[in-house]
Each structure stands twice: as C-alpha cells, then as structure tokens.
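You will see chain A twice below: alongside chain B first, and alongside chain C after that.
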Partner chain A sequence: MSATLFAVQTLNGLQLGILLFLIAAGLTLVFGVMDFINLAHGVQYMLGAYLAVAGYGITGTFWGALLIALVGALVVGLLLEVLIFRHLYDRDHLDQVLATFGVILFLNEAVKVVWGAAPLTLPMPDLLSGSVEIMDGLLYPVYRIGLIVTGLAVAVLLYVLVSKTRAGMLVRAGATNAPMVSALGVDIRRLFMLVFGFGTMLAGFAGILAAPILVVEPGMGDNLLILAFVVIVIGGIGSIRGAFLAALIVGLVDTLGRGFATDIAKLLLSPSAANDVGPAIASMLIYILMAGVLFFRPTGLFPVRGG
Partner chain B sequence: MHFTPARLSRELLGALVVFTLFAGLPVLADLMGDTFIVFFTIRVMVFAIAAVSLSLILGYGAMVSFGHAAYLGVGAYSVAILAEHGIWDVTVSLPVTLAVCGLFALVTGAISLKTRGVYFIMITLAFGQMAYYTATSLSAYGGDDGLTMWGRTEILGSTALGDRTVFYYVVLGCLLACYLIARMVVASRFGRVLQGAKQSEMRLRAIGIDPYAYRLVAYVIAGMMAGLAGALLANAAEFVSPAYMSWHRSGELIVMVVLGGLGSLLGAIVGAASFLVLEEVLSHFTQHWRLIFGPFLVLVVLFGRGGLISLLPGGRKND
Partner chain C sequence: MKRIITAAVAAAAVGLCGAAAQAESLKIGFLATLSGPPAVLGQHMRDGFLLGVKQAGGKLGGLDTEVIVVDDELKPDGALTKVRGLLERDQVDIMAGVVFSNVMMAVYKPIIDSETIFVGGNAGPSPIAGRACSPYFFTTSYQNDQNHEAMGKYAQDTGYKRMIVMAPNYQAGKDSIAGFKRHFKGEIIDEVYTKLGQLDFSSEITRIAAEKPDAIFTFMPGGMGVNLVKQYKQAGLAGEIPFLSAFTVDETTLPATQDAALGLQAGAQWAPNLDNEANKAFVEAFEAEYGYAPATYAAQGYDAARLIDAALTKAGGKGDKEALMAALKEAPFDSVRGDFAFNTNNFPIQDVYVVEAVKRDDGTYVTQTVEMVFEDKIDAYVDQCRMN
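== the complex of A and B ==
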C-alpha cells in the first residue's frame, strides 16, 4: 500500500467519480424536475461513445468526433423525448421503468447491429497523449488529468447555471413543485425538454470522454447506469450538489475498495480467504454504502423535494 | 371490488383453462414426439412461479422490487451448494432453501420498506446487485462461471425427479400450490390490508393499522416463493450461475407481471408464458430479437394498459 499506488488509485477514483457525475447530473435533473425515472440514460452514455467512434471515422480527429457525438447524442435524446418519454411523464414509475427498459433493449441491440459486438476504441487526441510526472516516480496520463479537469469545469458550469441563471432557477423551482411553476405561467413542457436534452448531452459527453480510456462495447452503459442511480439516490434526487458529492464518494469508494479491499481483508483473515472475500466486498461496498445511507436518511444526503 | 362473483368465476375459469393446458401438455408432446416443448414449458412454469410471487407484492402491494431475481438466484444457489456438499434430499434442501430466502427477504425487506417510491426501487436493486456480486465471488462454487449440479434433488433417496415427466408434474404442482397460496393471501384480511395500503396508506393508518409489518410479511412470502422457483430452476437446468440474479433478469420479471396484467395472479402466469414464448419465437427469426422486443415493450406500456389478461374475452377493464 505505497503512497504512489494510493495516489494513482485516488486519481482513478476521482476520474470514475467525474464520469459518474456527468451521467448522474442529467439523471438527477430529469428525475427531480419531471419525476421521470429514465433507465435509458445509460444507453445515452454508450451512444455518445459509439457516435464519437463514428465521428472519428468521418473527421479523423478527436475534436471532430467530439462535436459530431455531442450533436448526435442531443438529437437522439430529443427524438426519444418527443417520441416516447413525453408520453410517460404522467404515468407511474412502473410504466416508466418498463418503457425505458424496452428502449435499453432496443438500443443495445441496435448498436450491435450497426457496429458489431466486438469492442471498439477511440484514439486519444494528440494534444493530450503522453504522461506527466506528478510526484516522484509517478507518471500519470495527461488525458486522464484532462478528463478530471474537464469534469470539474462542467460541475462548476452546472453549478453556476443552476444556481445563478433564470433557467436554473426555473429548474430548481420545477424540482421543488412542478405544478406550481406551471401555474405561474412557465411552459413546463419546454423546460422539461430543455433539461432532458441537456441531461442526455451530458451523458453522451461522459461516453465520449470515456471512449479513449475504456473499451466501447454494447451494454457499456448498463453498469454505469446502475452506479449513477446509486449516486443520485445517495445524493438525494434532484440535487446537483448531492450528485456531485455522491459521485466523488462512490467513485473513490469503489476504486479504492477494489484496490485495497484484499489487502485490508488480509489483515483480518487468512490470505486465501482474503483473496475470496476481498473482491466480493469491494464490488459490494457502494451498495452497502447506499443501503446504509438510505437506512438513516431515506431520501438521501441532500433531499430536494419536501415531504 | 376485487371479489365480485363475476370476476371470481372468470378468474376461476381462466385458471382452470391455464392449468388444464399445462397438465395436458406432456401428453400432447408425447403424441407429437416433441421433447423440446416439455423442457420449454418447465422453464415457463418456473418463471411463472417467480412472476406470481412478484405479482403478489407488485400488483397487490405496489412494491416495485427491482431485485426480485436475487431470490431466484439465492434459491438456486442454496440447492446447488447443498448438492455440492453431497446433500441432495428434498427434506433438507427445501427447508434450507426456503429458510435462506425467507431470511434474506426479512433482512433486506426490513431495510427496504423504510423507503418509498423510487428509493424502494433503487434499494431493492442495490440488494439484488449485492447478491449478484456475492455469487460471482464464490470461487469455491464456480464464481463467474456458475456451478454445475450433477443430478437433481432426491425425494427420500429416490431419484424420481430425473424423469422428465415426473419433474414436469412436480413443477406444475409447485406452480399450482403457489398460485393457490397467493390467491388465499390476496383474499384474506391480510391481503385486503395490503391492497388498502396500496390505495391509501394514510386512511389505513387512520383506522389504526400500520402497514409496515403487513408489507414485510408479504415481501418475505414473495421472497420464499421466488426462492422455490430458483430451486426448481437449478434442478431444471442442473446448473446455476450468477446470471440468474442480474438486474436484467429482475427487469424481465417485472415485464412478465406487467405484460400479463397488474393485479391479477393469473395474469402473471400468462405474462411469464407470453414473455418466454415471444422470446423463443422472435429469437428463432433473428438473433437480434431484442430489436423487435424492445419497441414492443414500449408499445405495450404506451397503449396496452391493463395487460394481456384484459384482452381476454370478458376481461376486466383497467380501473
């Protein structure tokens, strides 16, 4: 458990946390404002990555891919909103779970048909390839640092958008009491669409950022979706601040847990038992965390909606 | 309103038709010389048990459990792990399976039921994921790859379950028993409290009933039933794997219940059968059957309120 290893794992944890935040931000806004549970949010992340690969094929540069994928993710998101999701806002959560589950099945399979089941990769931009030495004997890839910085910048931007602008005020008001906002003459449908489009674009953005360091494959969004749900439930549904903190906590706990659970288990158990128990505990940590948080605070750390 | 004579007799008639079909199927399959359909129908009935158990809490108690597949898996693993240690007899494995699933449901239910709505959906999902990851880490029992059972559960030393037809009728018997138990639960005072809590918890509290304990008991019953389905599934496949507990499977179980019709136990059976038949038929046409099934699901949600059971002649309208 050297200091270098710990530093690397912490940075990796931050990086996962940032990706989770980008996905969870959209999810928690959509959920908070529209009371709409969107399981298909994870496939938006996957689509972002795939569109980036396709965009790279067309333009040959990372930045071109970024642009095409962002626009593509937004268009797909809005299309889904108009065609399907908009008809589900008044339904109960069960209907929403089912319909968006259907969308997941379709898009995961569609991606397989279009791009094949084999994993794809997206090359890093030249500008950000290579590594820097952050501390003695620790080289860390520039791209990954860039990812963390970008994520933090987006978080700040979101914070300003949500807490300082008029649109953000409406979003917050919508999360607290949507019918009242509507009664005050705000076009709530348009607000919904704006929030939804923005949220899917953020998820797509996360997918694009992840594409150069993870493999691009069908179903890649499913696990992150579950993690993102854990994040927004811990953070309190509808709260950007909660999502940000919870995303970092979940990212760090998960990564550090995977890195060190076996070592810690070895302090208490025999080495062979520790090798069995360690990884299991590591993958369960965040769920235990979530169950614990919900047990003591049934509406998360930063509840938005009253009652 | 759930017990008008007309509806009761319709449900009775429907149940009679469904169970007669199930009972007659092996004979028919024998005549046609088709063994696949018997194996397939065993699978259908196993999932029908799981769907009935979920329908009990989802349809009557409005508890949207997104981790119900965990019980399927816990039941399956209980049987398989006992078998791995040479304990095959039903007199041990069945009580152990039911006890383990009941306990798991009691503990996770006690925590989950403190939350409401979407938080409940998510916390049950979290417990399902915990069970899933536990199974993948059981390296002594196959870990990710799953565990093969070299045979089937024995009944007092007899290996009668190895016979396809006998096993078929045992599964059918279990399904019938679970259906009847669920019916009794729903029709009892206990069941009325459960449905009352779904309609208005506040009114229920106003007349002095705290629904928490009722929900918890229903949750445990459903968990044990799904555990039984898991035990049968392990026997049917003679194999268990963590995939039994993946969250996709939990989603599919919800699909089965809603496809058949919420608030109808028979609907759950019809839903499970339709889901599996649809999957089988579509995957026959194309390996990309999900391309068709996904949109189908969306359409069912958007336009088919009330589920398949309401499409039957004289079926109830969604209220």
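== the complex of A and C ==
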C-alpha cells in the first residue's frame, strides 16, 4: 500500500463526499428548517438528471442542458409543493413519509413512461472533458475536479445565504418559531415554498452533475436517498455545516473501506475468508459509523442549536 | 330496427367466433420483470417474444394466440401468486419468459407440478439444468454459467497470466467468479467484491491501475455496469487494460455507455451480426418494429415464440401434450443463433462467442462477434439431470 495509492483513494473519497453533500444539502435544509421528511428528494435528484438529458437533446450542449434542467427541477419542485407537500406540513411525520413515498412511486413510473426503461447518458462538457495523470496509468478526469470545486462553492454559498443574509435569518427564525415570525408580518407560507423550491433545485443540480459519471435510469435516486439520510443524521439534522462535514466523512470512510478492508482482513485471515469478510465489512462501515454517532451524540455531530 | 338487426347479427358473429376460438386457441402466460431499473431486460425479452407471435400472424402453430404478459416486479413471492393466477384462473396452455434466477426458482416448481409446458426465455439456474430438471421445462437461453465460462476460456486461450476479477457481493456474483475460474488457469491477483448497486468505482479502478493486471473480468449487470464502464473509460483504462465481461456490455446498457464501451468485450451465444438468414430477418424486423437494437434477451424471447410455433405445427396442435413435448425437444426451428439443439436436460447445446461493443454506421451501438470460444457448448450440470 503505497503513499500515492492512499492519497489517490483519499481524493476519491473526498469526491464521493462532495457528491453526497450536494444531495444531502437540500434534504437537510427542508428537513431541518421545515421539519418535513421528504422521501421524494431522491426522485427529484433523478428528475434533474433526466431533464438534463432532455435538455441536451434540445440544445446539444451541456451548459444548455444544465440551464434547462435547473429551471425544470425548480418548476417541478414548486408544483409538487403547491399540489401535495403544502398540505402535509402540519401533519405528523408518518403522513409525510407515506405521501412522499407515493410521489417516489409515481415519478419513477412517470420517468419510465416518458423516457423508457433503458438507461440513458449525458456527455461531459467539452471544456471539462480532459484528464490529468495522477498516478502511473491512472487518469483523473478534469470533470471530477470541477465537481469538487462546485461542491465547495455550493457549500460556501449556502453558508453565506443561511447565516449572513436577511432571507437566511427569516428562514432560521421561521424554523424556530413559525407562528411568531408569521405574527410579525412575514408570509411564512411563501418563505417555506421558497426554501422547498431551493432544496428541490439543489437535488436536481446534484442529479445533473452526477449524470456524466453515473447511470441515468429510473430509480437511480433511491439508493442515494438512503446515503443522504445517513449523512444528515450523522451531521445533525438541519445543519448545513454538519451535512458538509458528514458527507466528507461518509465518502472517505466508504471509499477507504472499499479500498483497503480486504487487504487489512488478509493480514488476519486466510485469503478466501478475507474475500468474504472484507467486502461485507466495507459495505457496513458507514452504518456502523452512523450507529456509533447516534449512540454517543444522538443529535448528530453538529446539532443545530435552539429550535 | 335496422340497427337492432345489425347488432343481432354482430352478436351472433361474435358468438360464433367465440365458439370457434374456444376450440382452437392458445393461451400463453408470459412472466417478465417490467418494473424497476432492470425493466429494460424484461422489455427486450417481451418485445422479442411478441414479435415472434406477430410474425406468425398472431397464430402460433395456426392457433389463435393470446399472450398474457405479467410483470413479476422482481419479487419472487409476488411472482408466485401471479403465476398461480395464470395457471388456475386463466388456465394458460404454456408458460414462458422469466428474466431473473430468483424469480425462476420461486415459480419453477408450481409450474412443473401443474404439468404445464414452460419455455424459459432467460434465467438458467444450475439446479434446473441438473438435479431438478423436468421434461416440461425447455429454455431458449443458456445455463447461467455459460458466459462467465466463455470469458474464462477466452482469457486462458489469449494467454492472460495475471487477472483481477470483480463482481457484486451476492450469490450470482460469486457464481460468476466460480464460472470464470473453471477454464482460467492463470493467476488471479485480486478478487474484488463490490456492494450491490454500487455507484462510484473510483476506489476499485484505482486499485486496478495500481496492480496493472493483464486484463480484468467483471460481472456488473444493469446500472452498476454502466457506472463502471463510464468510469473505467474516464480513468483512461479502456484500451489499456482489456475488459472482459458478462452481462455488462450489451444492447441494454450500450445506449447509456455509448463510446465509453467501445472495444470492451463480453461473452454471449448471440450477437446482432451473426451471419444467418433467420438472424438477419429478426434484427431488421425488430428494429423496424420497436426502434431500438435487440439484445440477447430479445433474441431469446423471439426464439421462444418461434420454437413454440414450430413445435405446435409439428405436433398438430396442443391436444396431445406428449407429442408437443417431443416436438419441442427436437427444436424444429431456425434459431437466430444458427446451430441449436436441446441437450438431454432441455438446455441448449450451442456455440458461444466473445463479442465486443461497436458503433454501427447508422450510429447505433451494438455488440459484434470477435471469435468463437466454445463450439457446441454443453453445460456443466447435465450429468446430474435424471429425466424420465
């Protein structure tokens, strides 16, 4: 296990973490601020990817696809908010889970009706299609570096928005005591709608960015939704900072676990037993991590104060 | 008044047709996975089968044919309930289809126990080829190990010495690696087992780049395969380290991987370019009808329909079940894969090829044969089958 290999695997882990952060950010915002469990977040991620593929079909460029898909994701999100989610804010979590699970089934099927069951693809933008050699014989796509930079930018943007601007202040106040904010003359409904729309757009944005490296297929968001929940539970629900750090931790633990668990198991066990034990442990690591965090810090690593 | 007479005549006509159809009609229950991410496999198989029925004028063996397509949702218990419905309520004459082995293992016994003829379109788990074989079951696909064995033999014949093998960490993944090792005698420097449904393969790809094997072999069905193929190409390994695969690179994933898959290799008993009359006609008709290139699943579904058609004709209808089963066993049809015969366990004896992904002149991505790996391949379980 050379130092280079370890460094490259660490980079791989960070990049997976950034991707997870992009998905988890919108989820934690909606869950934390509005106390609303949105299982449909994963299908909104999927929708972003599909809209980008459709947008690419129309404009023929990645950037056109990005624009169309972002607007499309926002429109769909607002539509869902007005039609369905708005009526669920005052209900308990079980109702929210049931209703948003229904949205998952509906949208997964709808996507299949419109685009078919076969997996699709979105090409990388030409500008970022190059690659750099980071290890003998291994190229690192510039696109993935772009992904990391974008993720960092989104993190900074969200931090500034939530903690430094007037809108962010209202959102935080609304999360703490909605009736009071409403009594002070703020339209809380519209505020929530904006937060929700923004969260949806973030999910869609993650879907668009993931499309060139991952498969675009019906149900593509379902696996990621679970990971996103793991991230926000570890990070502390509602905390953007928590989601960011937890995403990086989860990405690193998962990637390094997959990279080295079998090798470590081989030090202790026979090769065939190591081949059984290593992968099993690697795929459990993040859940073990979550269980550990919940045991010692039930509110997550970076709980939101007050509220 | 006139309207009433017309209606009466029409009703009488319908009644007559109904009576006629009662005497000479065929009901086929077709089970396929048509929802969730693997729906595309079921779609290929179903479209191939329905094309075969359509080309026979909707009459397999001259009988008015009704195909009842049922989605198993990849849930073995749900599939079982649906199959019971087909057997008992709809009273189907023949069962066909089934994409996945776990669904196959759940529905196989009830179908066989009801003494219904069952023509499989894809899944070929080892128990059914071996100990649990049945005179009622025929398959137009393969025994599950076939493509993995072909890749192992190809790697051995090509002279690869050091290989990395990679598969998802579940039963089919382990079976795949075992099948590969049956004919590959070189050194396997690493066996990598990944999470089922894995998205990001950077960690595994980094490992491959670091170890520099002569080639890799992988079994990554569905979306996992698309992720791996795209990332393998983006990491600059495609073209550097040969990529042998099974159920990873085919016409169901090529629309998503496109250029990234070009030159990657797979094992298969069929490819769209196989040079025989039946195949040319099939590929042309399939693409004209559905607007996409057929994968092996489609070819197998099509062959299933044509096998049933030819056997019914030969047996003179569905009345004599023994005669029909004997006719099926002779496989009196021109398979799209050329040579085709049933072994004693009713699994095919067929040629197996290594194929690679290419871009056709019209821009469609398809697989194309590179060379034959096995001639008249016999599966490894036939000796365990004691039929009759």
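Some observations on this one:
Throughout what follows, the second predicted complex is superposed on the first by the 294 of 307 C-alpha atoms of A that agree within 3 Å, B and C clash if a C-alpha of one lies under 4 Å from a C-alpha of the other, contacts with A are read in each partner's own complex, and residues count from 1 in each chain.
Note that in this section a contact is a pair of C-beta atoms (placed from the backbone, for glycine too) under 8 Å apart; a residue touches a chain by one contact, two chains touch by 3 or more.
Nothing here was measured: the structure is a model prediction, and the numbers come from that model.
Contact with chain B, but none with chain C, is seen for A:Gly102 once the two complexes are overlaid on the shared chain.
Shared-chain residue A:Thr299: touches chain B; no touch with chain C. Judged by the touch definition given at the top, the superposed model places A:Arg189 against neither chain B nor chain C.
Using the contact criterion defined above for the overlaid structures, shared-chain residue A:Ala118 touches chain C, although it does not reach chain B. In the three-chain superposition model, chain A touches both chain B and chain C at residues 109, 112, 279-280, 283. Those residues of chain A lying in contact with chain C across their complex are 2, 5, 8-9, 12-13, 15-16, 19, 109, 112, 116-121, 131, 133, 135-141, 143-144, 212-220, 223-224, 255-256, 258-259, 262, 275, 278-280, 282-283. Contacts from chain A toward chain B in the complex involve residues 31, 37, 84, 87-88, 91, 93-95, 97-99, 101-110, 112-113, 222, 226, 229-230, 233, 237, 276-277, 279-280, 283-284, 287-288, 290-291, 294-295, 298-300. By the touch criterion given at the top, residues 34-37, 39-40, 43, 169, 191-195, 197, 199-200, 202-207, 209-210, 212, 222-223, 226-227, 230-231, 234-237, 240, 252-253, 255-258, 292 of chain C touch chain A in their complex.
By the touch criterion given at the top, residues 58, 64, 66, 111, 114-119, 121-123, 125-127, 129-130, 133-134, 136-140, 247-248, 251, 254-255, 258, 262, 288, 290-291, 293-298, 300-302 of chain B touch chain A in their complex.
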